[in-house]
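We just call them A, B and C in the order they show up, numbering each chain from 1.
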């Protein structure tokens, strides 16, 4: 089994704070990893570095054996926490955009997912509600046959029925050839889809392991473990 | 790269069309006043044209600042595109945008004064001179924009905050311009060799400072591409 | 299938228990095809690897068998159902005895209370 992501002593400092203080994390092919932690713990910083839009201060991170750059961006599908679409676009323009720039984009799958999410391709993005924009983002991200999916709070700001759909889409998209790293603070809803979990606090991984093994050894759900670790 | 150009133009299509329409309508209005206005009318048309060019030039800057400071940057910088591709497409799109507005303004002006100025220019001009003008036109846009983009990217990387970053970029631009011009002046003095050719106007080019300008452009282009690809933190 | 999972315990074990229960109660019989890993994962909203592990463990225990490209099927061992039934019963009984002892009952008292509760009531 290949290692799709390997971070060693990854650090990121800003003028006034240290966001990451030596993160060590390995993700194998075919695994779904939950990166769990409170706001400000460094999880978004870590994901941005993996996505290649933020650069570490020191340490290494390799994705499919390469440092973040043009190649890794072509095999990493990133779902950021922001609304990043061009305001003039309609949904079908966004689909075309992804198709034009990513060779691994599966248009047919995108349309299937859009239908599943009940989104109309002709709607303008400006007219979409927050929940619909989240579903659209996820659709485009999952419609790529990427090696690594990076999802930053995919369930954030979305009502429970939409969450169900999003989880279904994530599970259905799973393949042994790709991996996922997902951050969330809604641990309860999503813990059953994690293979491994890593708890991050103050820029370091404080606990990590296989989800099932943790359940067995600690006799707790991941959600309870999360509350315990982060008080 | 071609895709980047395609989407940038689509994004600014409304702006370009809006400006062109304004120029066209403005000039049509002026044409109704031709008989009574005298020299003021062609002047106003020129002013209108220059205004339009200024507006479209500003828009070439706002595209870059949107990439660097707005959420749209997340979309652009996660694309598997090299820094060279991003910068080159930005410059090419800018040339296209400015040229469209420029051509429309020029066409309207010529319509206004019935092609008199245009014919006068064409009569005296030779082919090399026309090519030279076009080359100079392209060179000015590309080298100036590269210089400004370089300052914007440095401002983004070095300074935190949208307002501080933009003001900082401006200050950097100001300072670097003085430095650049100062150096060009010094070089021109040390190496006074020039190239000259006459036709409608006499064109004088100092070899030393021209080479210097080209080198600086090359350096700034590479530097900006590198920074866009490897150093911009969103 | 709409299982209620207890997230405090490994999920793959709970899935295995559920399948074993279905076999014991004859909901699933010999050579029945189990739903595919992907299908089950979708229905239960669980990571497919967890399903995979459950199936693999069941196969290791000889309760199911896999045919490449075809799927996973319930085993047809003669005594399998009975063995499973006995095994699961033992788990229940052991757990019951442990809890009764915790309450303070002696072994004699435990038998007595069973008698009372099952036969005495009639």
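One rule holds in what follows: contacts are C-beta pairs under 8 Å (C-beta built on N, C-alpha and C of every residue); 3 or more make two chains touch, one makes a residue touch a chain.
Being a predicted model, the structure only gives us computed values, none of them experimental.
Enquirer: What chain lies farthest away from chain C once each centre is taken as the mean of the Cα atoms?
Expert: B
Enquirer: Taking the mean of all protein CA atoms as the centre, name the chain whose own CA mean is closest to it.
Expert: A
Enquirer: Taking each chain's centre as the mean of its CA atoms, how far is chain B from chain C in angstrom?
Expert: Each chain's C-alpha centroid was found; their separation is 74 Å.
Enquirer: Please report how many Å separate the Cα centroid of chain A from that of chain C, as a whole number.
Expert: Roughly 35 Å separates the two chain centres.
Enquirer: Taking each chain's centre as its mean C-alpha position, how far apart are chain A and chain B in Å?
Expert: Inter-chain centre distance comes to 40 Å.
Enquirer: Pull out every residue in chain C that's touching 2 or more other chains.
Expert: There are none in chain C.
Enquirer: Taking each residue of chain A in turn, which ones touch at least two of the other chains?
Expert: none
Enquirer: Considering only the defined contacts, which chain C positions touch chain A in the complex?
Expert: Touching chain A from chain C are residues 5-12, 38, 41-42, 44-50, 53.
Enquirer: Please output the residues of chain A touching chain C within their complex, sorted ascending.
Expert: Those in contact with chain C are residues 30-32, 167-168, 171-172, 174, 188, 191-195, 212-213, 215-216, 219-224.
Enquirer: Can you name the residues of chain B that touch chain A in the complex?
Expert: 3, 6-7, 10-11, 14, 71-75, 77-82, 160, 229-234
Enquirer: Of all residues in chain A, which touch chain B in the complex?
Expert: Per the touch definition, chain A meets chain B at residues 14-15, 48, 51-55, 69-71, 73-74, 76, 78, 80, 82-86, 88, 97, 100-102.
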